[in-house]
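The structures come next, written out as structure tokens.
Heads up, the next two complexes both have chain A, just with different partners, chain B and then chain C.
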Partner chain A sequence: MIRPVLARRERVVPATQAAGFVLGVVVALILGAILLWVSDHSPAEVYERMFDSAFKGTDSLSRTLERATPLALTGLSVAVAGSMGLWNIGAEGQMMAGAIVATGVAMIADGLSGPLLIALMMASGVVGGMALMIGPALARSHLRVSEIITTLMLVYVAIRVVEWLETGPWKDPESFGFAVIEPVPEQAALPGLFGRANIGMLIALGLLLVFWLAVSRTAWGYELRLAGSSPDTARYAGVSLRRKVLTALLLSGGIAGLAGAVQLTGSAVRLESGLSNGYGFAGIIVAALALMRPSGVAVVAFVFGAVQVGGQSIQTLGVSSAIADILQAMILFGALVAVVFFNYRIQWSGPGGESSIAESGEPDLAGEVA
Partner chain B sequence: MASTDADYAVWLRGIEKRFPGVIACAGADLRVRPGTIHALLGENGAGKTTMVSVLSGVYRPDGGEVWVNGQRRFFQSPADAIAAGVGMVYQEFRLVPTLTVAENIVLGAAPGLLRSAEIEERVAELSAAYGMAADPTRPVWQLSMGERQRVEILKALWRNASVLVMDEPTAVLTPGEAAELGLTLKAMAEDGRSIIYISHKLDQVVAFCDEATVLRQGKTVATVDNLDDVDLSSLAEMMVGSSGGGYVQRPPALEAGPEVLALQGISALNDRGLPALADINMTVHSGEIVGIVGVSGNGQKELAEVVTGLRRPSQGRVTFKEQDVTEASPADRYRLGLAYVPEDRIGVGLAPKMSVVDNAVVRSYRSQRRGLMLVMAKCVQFCQDLVERFGVRAGRLHDPVAGLSGGNLQRLLLGRELAEQPAVLVAAQPTRGLDVQGVAAIQSHLADQRADGVGILLISEDLDELLALSDRLLVMFEGRVVAEYGPDVTPRTVIGEAMAGQVRA
Partner chain C sequence: MSEAALIGLFVATVQFGTLVFLAALGELIAERAGVLNLGVEGMMTMGAVSGFMVGLETGSPWAAFFAAAAVGSLVGGFHALVSVVLGADQVVSGLALTIGGLGLAAYVGRNVVGERPETQFTDLGIAGLADIPWIGEIFFDQPPVVYLTVLLGLAVWFVLARTRLGLAIRAVGESAPTTDTAGHSVMALRSVAVMVGGAFAGAAGSFLSLYMAPGWTEGMVAGRGWIAVALVIFGAWRPGRLALGALLFGFTLALQPRLQTFDIEVLGLDVSSISPALLGILPFVLTVVVLVIISWRHRHRPSVAPAALGLPYRREER
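On to the complex of A and B.
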């Protein structure tokens, strides 16, 4: 019997990755077209609208970038932990924690000038995200408690705290009885760039650049990569695994917290329980699609943002929100499948595994001949 | 042909299996007659696990044939092998702790809708048949290791295994449990089933098994049709024996240099928390190769780890260049001049997914810094120098190191450890799994380092290699150094006996 088997690629070249990515999205679009067609919509019209609303003109582009900003930050947050083989599932909660601390600081320091207040709120966002991560990070580094579970559970804690603040201590007395928190001071709004894009985008881009440099060009990043890819080798080289786990997770939390502060001062008006809006969870997809690389995070966040903007816009064509959601999910799923083929290829195996002779002989030959 | 094939319960014929950088099996054979307990012997890396993985459908061989009960088989998965009657009991048990014994046994092989009472009854019958006491209603987490192993065996029997593979079955058992296991296996053999028994414990092999196959470097080097005919020491000798492995003539003895490494009263535990080293005393002098020989699992690995700082001794002192380093970290010891080529090249010595350059600087990246930055140009230069000096055929330096062949991986690793002129080199199985050229290259590097005054602790399972290179040869048995031989040629049989724990005065 002949069966398909996934065989790991010996070398992953960037060209294969790009091609796989495009192919995955194209296949998803074709499947999506069938879906649209059976639900009585013109695929061409819908896709044109999606494309235009995400990319055509500065206003459309700015919407995409506005969406991409928090996605890039949460994606980076997950990727920093991911480069150590750790999963921060709780960026959603750390965003909230960052936004809570930033709001609290803004309430106390609302007399400060704009730039100063913004800087202070960003810093408090980082502190908030880190604070929510301290427990999971220590539990992971010292007791080997799975960070996947602990970070996820704290998401709900953070959201409930916001709900409590809304209805309790931070309830705005001038809100005519509505359970809302008072808006952040006007001078704390992030300066706009064009359309709906603001400098939050530059913060995200800058941070991606800093991390790319730190991971690929510093001794610290080298140790991080070593510890993530081969823990025993790291120990042998004298790298403290415990400390690396701790720093990677705290940084991951801090970046997610910063995403919360950026969202608070950039797009939202006030702290509310819907502030994180799923960006933290979406960051996991962004990081996975980007193979945990900062450079990939930038590209994937942009595409993801565009898909979200496009998905919303087609509802004005009468496409139901359910179909729009399915369409978005298909595109992301297509890209995810493509990621599998970055690392694996299909191999048709016959009886006796004859085909695998050449297969496993390959690296040996390559090593000896080269 | 079919008539002879049918005589064997298992016939693995000319099995070949290659992995990136390693040849695990190079045409190995294994023939097991029905109703026998067959010992599969060989040092770590000899290909035993690969052979049984081929038999149990985990790996597909690159070449060779698999015959089970007279039929040629092409297993695509472990499920195929189970269906053909091959059962596997792994060293690490694969049981669900919260389920009961009966539930674990029928998991994945439940015969349609059966009441659990009925299943429990049938499990009880099965366990009684081979004298294996096991209460089918108890959850597995309550069981001792010996009982869990019985559940694994019952699992295989439930699936009608006619061939049962046991990987190091007594490693987790108390002596009493081990003896009971022996009786169970004998009962199963009498019932016509065949058992393949993998173990390093030669005394148990001789006690339990009827016949044996010895593998070395992926090939079958000996078959013993009746284990009553051979003694322990000749088995030990077969396992490590002649591979034609010494390619380098030992250079003439040098003036003994100063003592550079000393162990005093070292005791240590293994990963399971059991005693692995007991009161080891030894020294290595500058310009000397001290060879360590023994059947694997007698403390060699732990010894290397204690010397290099990856394992804390429970007692004793490690002195390096007259400095107490018992508490020093692996990196600190390296900085002092203690280099290490670990037994696990990939995973400890090298990070397989990282690039050749990244792996070249594992020891020295701290000196390739400028401020916070790691100067890539310096790293590449360092790597380039290594590659040239040690003749590593490395292809692209920024590709993952896992793409290199075994010999080139080891050249890179050895080169990296020697790059900063160490005073002592600990080399564990430095030539295992390499091709002839690779072995010769590594051995001549070791001889050159000795001539340059490096003290070398060479841990190997290749007796020829040790006899060719060592100035002194220490034999380890059950965590102790039981014999020491000088540079004069010692009969292999004497060394074999010492390896089996029988030291001649």
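On to the complex of A and C.
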């Protein structure tokens, strides 16, 4: 029987994750076009609208950057944990926790001047994100409880708490009976750059730069990566794994919390249950596509920002914005598969295996994936 | 608290328990074969929407149930293709499956939001037993999916513990190279395990959209797929303990919407005065607390997780 097997390429295709990402985008666009076509939409028209709304003119571009900002921060959050092999999939909840604490602080300190209040709210955002992460981080570092499940579970907790605050303790008395929280003080709004883009974008870029330097250029970053890739070596070298796990996860939670504070003061008017808007979950895909590297996070966050702005814009054509979520997941799948094929090729192995012997000089058994 | 309310609580406990047990049982099969599938929430959601739509179209809850199982197995097959056949990272593929599955379900179901099915599963009053006070109503007057799930649980236990196929599945979850050497196809065993697991998750999703909360809304699975993933750890990868855990979580899920209506006090605090949003955090907090307690109790013992869980296998690289 002749069947296909994966064989490691003699010469690995000299393509990088970047090429995988581009191929992923292509694959996603093709699959998305098929989906649109079978549901009686014109893929060309939909894609054109998406592209224009995300890139055409400074206003469109500013919307893309506005959305890329929280994605870059949550992507970085996931990447910081990911650089030591941990998965923070609760950035969605930590964003909320950050926004909750920042809102609380703004309610108390609403007399402060703009810059001071903003700085205080950013710091409270970090604290909020870390607070939601402290349980999962300690459970992971001391008891090896899967951080994947605990961080995710707390997402639901954070969102429910916002719903509670909306309907109860923080309900705006001047909201005519609507269950909404008072808007943040006017002076707390992040200064704009152009269009809808604000300095939150610069905060995100600065933080990406800091982490790129810290992870790739410092002993701390080296230990972090070492602890992730070979814990035994790290332990032998005297690195405290527990402390590294704690630091990585708490930083990850803090950055996601900051994303919440940036979103609150930059784009949202008030704390509401839709504030995190899936950014935390999309951040997982962003970080995975970026292979946990800050530079990659910036690029992928920008592309995903465009996909999401595009997804919103096609609603006027009667197309569901869920297309954006589908495209994002498909980009990741496409890139995963593309990268596999950079390193492996399909080989048709028969009972004699002549073809493989001729090509690789080895019996085909060695090249099979059973 | 009235007797009817209490019985209602336990009836719902069995149903919520069934929901998470069915999904967790599927995940257990995949994980025993060494494949972590974090796409349970996505597979359940796809099952919920496809089951509901087939139910609307055909009027047959069974057709809907099996269609949802087929869709779940197809979505699971995608994870098998990417992570088992091609050997990509299981965590990344599973998470993408959940995010993509939620998106695709929202897209596919956009036109049936708010519709109501005409027919659904009817409770099976088991002759003679259903009339027993309390016990009858709680255990012997449930929809057929409940009994089917119990049978599936027994079947999974039997296959895993008592058959050659089960031995091969458990072996491939402990060590793929050894199983390969023994002449089994690692790829086939793992792929089938993931697809069967997907079928269970899809079917569970349709139980939600057809019977427990008839209808389709985005995000209706609401984290219960993730609770199923946690349950597998709670159940120590064994069907029997999984069932116990499912009842515990089923009780919490059933309790949460009812707590407000119960006239009880906890530590001097009137429960009915607590906001429903705050009570909604109970199942999720419980999951975290339970995982921590288990790990605390087992902290000096070696892990009971399948040894090869999460590790892709390529023969040439062993």
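One rule holds in what follows: the second predicted complex is superposed on the first by the 294 of 370 C-alpha atoms of A that agree within 3 Å, B and C clash if a C-alpha of one lies under 4 Å from a C-alpha of the other, contacts with A are read in each partner's own complex, and residues count from 1 in each chain.
One rule holds in what follows: contacts are C-beta pairs under 8 Å (C-beta built on N, C-alpha and C of every residue); 3 or more make two chains touch, one makes a residue touch a chain.
As the structure is a computational prediction, the values presented were derived from the model and not from experiment.
Chemist: Going by the contact rule set out at the top, does A:Val38 touch chain B (first), chain C (second), both, or neither?
Modeler: Neither chain B nor chain C is touched by A:Val38.
Chemist: Could you look at A:Gly168 and tell me whether it touches chain B, chain C, both or neither (first, second, both, neither)?
Modeler: second
Chemist: Between chain B and chain C, whom does A:Arg225 touch in the aligned arrangement: first, second, both, or neither?
Modeler: The first partner, chain B, only.
Chemist: By the touch definition at the top of the document, which applies to A:Gly238: first (chain B), second (chain C), both, or neither?
Modeler: Once the two structures are laid over each other on A, A:Gly238 reaches chain B alone.
Chemist: After superposition on the shared chain, which partner residues are touched by A:Arg144: those of chain B (first), chain C (second), both, or neither?
Modeler: Only chain C is touched by A:Arg144; chain B is not.
Chemist: Using the touch definition from the top, say if A:Ile108 reaches chain B (first), chain C (second), both or neither.
Modeler: neither
Chemist: Could you say whether A:Asp325 touches chain B, chain C, both of them, or neither, answering first, second, both or neither?
Modeler: Only chain C; A:Asp325 stays clear of chain B.
Chemist: Which chain makes contact with more of the residues of chain A, chain B or else chain C?
Modeler: More residues of chain A are touched by C.
Chemist: Between chain B (first) and chain C (second), which, if any, makes contact with A:Trp87: first, second, both or neither?
Modeler: Second partner only, chain C.
Chemist: Which chain A residues come up in both lists, the one for chain B and the one for chain C?
Modeler: Touching chain B in the first complex and chain C in the second, residues 366-368, 370 of chain A appear in both lists.
Chemist: Quick one: in the complex, what on chain A touches chain C?
Modeler: 6-8, 35, 39, 87, 89, 135-136, 139, 143-146, 148-150, 152-157, 160-161, 163-164, 167-168, 281-282, 284-285, 288, 320, 322-326, 328-330, 332-333, 336-337, 339-340, 344, 365-370
Chemist: Write out the stretch or stretches of chain A touching chain B in their complex.
Modeler: 1, 3, 10-11, 217-222, 225-226, 229-230, 232-238, 349, 351-353, 356-357, 360-361, 363-364, 366-368, 370
Chemist: Along chain B, where are the residues that touch chain A in the complex?
Modeler: Listed in rising order, the residues of chain B that touch chain A are 17-21, 23, 60-63, 74, 76, 310, 329-332, 334, 340, 342, 344, 347-354, 358, 361-363, 365-366, 368-369, 372-374, 376, 393-395, 399-400, 402-406, 408.
Chemist: Can you list the chain C residues touching chain A in their complex?
Modeler: 38, 78, 82, 85-89, 91-93, 95-97, 99-104, 106-107, 110, 180, 185-187, 222-223, 226, 229-230, 233, 275, 277-278, 280-281, 284-285, 287-288, 291-292, 295-296, 299, 303, 313-317
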